[in-house]
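Scrolling down, you'll hit the structures one after another.
In what comes next, subunit A is part of two complexes: it sits with subunit B in the first one and with subunit C in the second one.
Here is the complex of A and B:
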């Protein structure tokens, strides 16, 4: 059962361009097209705060207004490119039906978090993982409302860069982060 | 006997051949009319003004006469040229005065500006050159076109991956307008206004620099091509078809449509379409067994009505 797209979502112009739903035979054009698909998938899931793309439920593959849709093979091609580009991860790499959307790449989140920490005076002080995704200070930041799994990935990157250290808390949400 | 009459009408009599040249020269090299009539096409032949007697002379005398006429002709030309240049200089001065008076309109009103450039062209005045000197410093519209051509080039290059390097002038204007593009030139606090004509002029400037940028007409639309490859006749004809909406929907063609409208055979049509695909100027739309070729540069963005077919 495909989900319905809320009216609030604004589709890009190229969504109504019929060739958008045919994977282009010319490689240079295909590159441009796949870039457009990546942009669309990412924005759709980020704006509507949807964490997982379920292949056969995703309403993006079909545009009834222009009577065009991607075939099964074409959907696979688009998704493989999406995952390769680092914007998503297969929850089930064998069957590849569910894809976790990384709203921001972990590296990007990592630098966003660190910049926020520095500008808000968290260097040499501690905050919890919970505060990172739901605290008052993080209003409008890219990591607000982010998946804890994703945050952990980002923090892992910061740790390897020596920019922070993680401490165990009572619950995973209460894990502490000290920024350097 | 030979004829000796002064004659304004060389065809009245047919003199013996040895004097034919003499009479021709006499007729051809009339003495100059008064200077005020320099642009007057009525040149009056006044026999009394012949510098030389028209009486019959020997051949040697005829040659000496011819030399005198040549010298006179040169003098005349020099005088006419000098007078003509004087006139042009006077016109240039007038033009400069006009530009000073109407500086604001020239800088801000595209229609006025276009007319002004039209006036300058026949005089060989090029206010578009951004160099120092009267035009560069006073009007600065050379600067304006320079700035505009840079922005136009930016828009063309940014959209190349989408449309293959061909784009409508009107689309360029829309994009620049959306961006709220301002120009450094002129004392304008508000947005400078510029027309599609201005964009075409700035592309002409670009093409003079050998940049590969040029304008081309497709159907009724003026387009800018920013890729150096040649677009041959077949390609242009196919795009014309798409632009003129002769294949079912606007901005799209099929092999069948091309063969029907242009009378080509299947291979020629297919080759042209594949080439356009290869250049990135056309995108493929495969619906079942049907193949449609769409041109992003011709496709309307707000094409809800266009899409029905």
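Here is the complex of A and C:
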């Protein structure tokens, strides 16, 4: 069952361009086309706050207005490119049906978190994971409302960079982070 | 890549002008060549090439240069500027029914030719050959002419410079010249005029008047033409086993047209009698005259039709009919363009070179190649060329080999292979892929704007407001634009196969992108690279259910 697209989502103009639904054989053109697909998938999922792309339920592959759609193989191609670019991650790498959308790359988030920590004086002090995604101080930050998994990934990167350390809390939300 | 001999080159230095060279070949009768270097035969007079041999020399053994004749001195032909040299080497010799032509290939795209008409020949003597004192003395022909003095033709034995070949060459050339002199084909023009005068049909006109005279004359003329064809084909009883006589080509179509005797020579073939062929060749001149009278008739009709075009409207229907017939006849006659009797046997190793020159001339005539869009598939060329030849057809291998020569001889056309599909075409050197791709991109852009008909197409069809050029929307489905190979072939007037190749090539260059559906492939202007999708915004307004 494919989800219906809410009227609120505004499709880009290229979504109505019939060749958009045929993977171009000429590589130079294909590069640009795949870039547009990445952009579309990302924007759709971030605007509507959808965390996971389920391949056979995603309504993006078909545009009834111009009666064009991507074939199964073409969808795979687009998704493989999407994942390779770092914007997505397979939850099930074997079967490849569900893809987690990394609307911000973990590296990006990591540097955002650290910058915020530094500018708000959290260095050498502790804050919880909960505070990071839902705290008052994080209004307007890129990681506000972020998926916990994502945050952990970002924090893992910071840890490997030596910029923070993680402590176990009673619940996962209460896990502490100390910034250096 | 030029294989010219050192002596010739040093004499000519870096000149392209024929007049720089001063040697026997430029002092005998100057001869015009076609754009691709073939000898222009006088087909009005029935001139036909009968033999070609290569690697011959022309020498003038008198002291000093060849004396210029009075008419040459008075004519506008300027005096050659280079130093006099008495020998021309690496010539090819072409014997025709009217003259001997010497051809010198100065560079791949430039040739010089000079000729000696057969009537000019006073005596012809074969000389040379092995003697006791000089066992490898070259084979020669001594030519004594009325205007140019004594000349010597030396045979070097073809492209392989073989001594035994040179003996054969000399003998073949000698025989061919003798035959041509015996036949005296240049006098046929006079003879034909006399014959025309003596035709009984002319006498009839004197006695009868009005429509009766015209009708009777026509009938008698038809009968005479039919009997002419019969005589040509049936003459002599037995005949050679040559493929000249068949039911195709000039003779066959005339015979059919006469509605008279359809004598196929084949049934009478037997033995190796070449006399009948010779007889046929003589009559062939008359047959071509008949064709040409038809051509003249057509011209007259056309002229009169054009003159009276502005006047009556009522006769328009009738005129349309006659012009259709004349167009058909013209087409048929146009296709019978070949006058050279070249065959693989006669011209030996230069066959493919000559063939490629003929091909280029043929494709340039009436702008055949440009009208087809600057390129033509090999199958099309093969069919058209053989149809024009009617007899002496070329084989596909011959066509392929002659293609190799086209580029080497710099004739202005060459072979091109499309990598992905393997289609082979002959392409004009001036053809520009970039230009074609741009044209296709424009066509594709236009297609996006074809919104004349949107929605109420059924009403438009019924009310008759739809013109032939209007774009029809698909019966079901959405109008999206784009072009297919069929659209292109209709718009630009060349074959769908070529149109497809051009579209693919334009796509590879980045001017177009494709939209692949079960119905086929449509091409759009490459909006991915321009980034401009504004025209597609119109779809966003309608909501999706």
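Convention: the second predicted complex is superposed on the first by the 180 of 180 C-alpha atoms of A that agree within 3 Å, B and C clash if a C-alpha of one lies under 4 Å from a C-alpha of the other, contacts with A are read in each partner's own complex, and residues count from 1 in each chain.
One rule holds in what follows: contacts are C-beta pairs under 8 Å (C-beta built on N, C-alpha and C of every residue); 3 or more make two chains touch, one makes a residue touch a chain.
All values reported here derive from a predicted model rather than from experimental measurement.
Peer 1: Between subunit B and subunit C, positioned on subunit A by superposition, is the outcome a clash or a fit?
Peer 2: Overlaying the two structures gives a clash between subunit B and subunit C.
Peer 1: Quick check for you: in the superposed arrangement, does A:24 touch first (subunit B), second (subunit C), both or neither?
Peer 2: After superposing on A, A:24 lies in contact with both subunit B and subunit C.
Peer 1: By the touch definition at the top of the document, which applies to A:171: first (subunit B), second (subunit C), both, or neither?
Peer 2: Neither subunit B nor subunit C is touched by A:171.
Peer 1: For A:32, decide between first (touching subunit B), second (touching subunit C), both and neither.
Peer 2: both
Peer 1: What's your read, subunit B or subunit C touching more residues of subunit A?
Peer 2: Touched residues of subunit A are more numerous for C.
Peer 1: Just checking: does A:68 make contact with subunit B only, subunit C only, both, or neither of them? Give me first, second, both or neither.
Peer 2: The answer is both, since A:68 touches subunit B and subunit C.
Peer 1: Taking the superposition on A as described, I'd like to know which of subunit B and subunit C A:12 touches: first, second, both or neither.
Peer 2: second
Peer 1: Does the superposition put A:125 against subunit B (first), subunit C (second), both, or neither?
Peer 2: neither
Peer 1: Looking at the overlay, what does A:160 touch: subunit B (first), subunit C (second), both, or neither?
Peer 2: Neither: A:160 stays clear of subunit B and subunit C.
Peer 1: When the complexes are fitted on the C-alpha atoms of A, one of 203-211, 311-319, 401-409 or 437-445 in subunit C overlaps subunit B. Which is it?
Peer 2: 437-445
Peer 1: Subunit A residues touched by both subunit B and subunit C?
Peer 2: In subunit A, residues 13, 16-19, 21-22, 24-26, 28-29, 32-33, 65-66, 68 are touched by subunit B and also by subunit C.
Peer 1: Can you list the residues on subunit A that touch subunit C in the complex?
Peer 2: Residue positions touching the partner: 5, 7, 10-19, 21-22, 24-26, 28-29, 32-33, 36, 64-68.
Peer 1: Given the complex with subunit A, which residues does subunit C contribute to the contact?
Peer 2: Per the touch definition, subunit C meets subunit A at residues 477-478, 480, 482, 507-508, 510, 513-517, 522, 524, 526-529, 533-534, 536-537, 539-540, 542-544.
Peer 1: Quick check: in the complex, which residue numbers of subunit B touch subunit A?
Peer 2: Spelled out, the residues of subunit B in touch with subunit A are 161-162, 164, 252, 277-278, 280, 283-287, 292, 294, 296, 299, 301, 303-304, 307.
Peer 1: Which of the residues in subunit A come into contact with subunit B in the complex?
Peer 2: Residues 13, 16-19, 21-22, 24-26, 28-29, 31-33, 65-66, 68.
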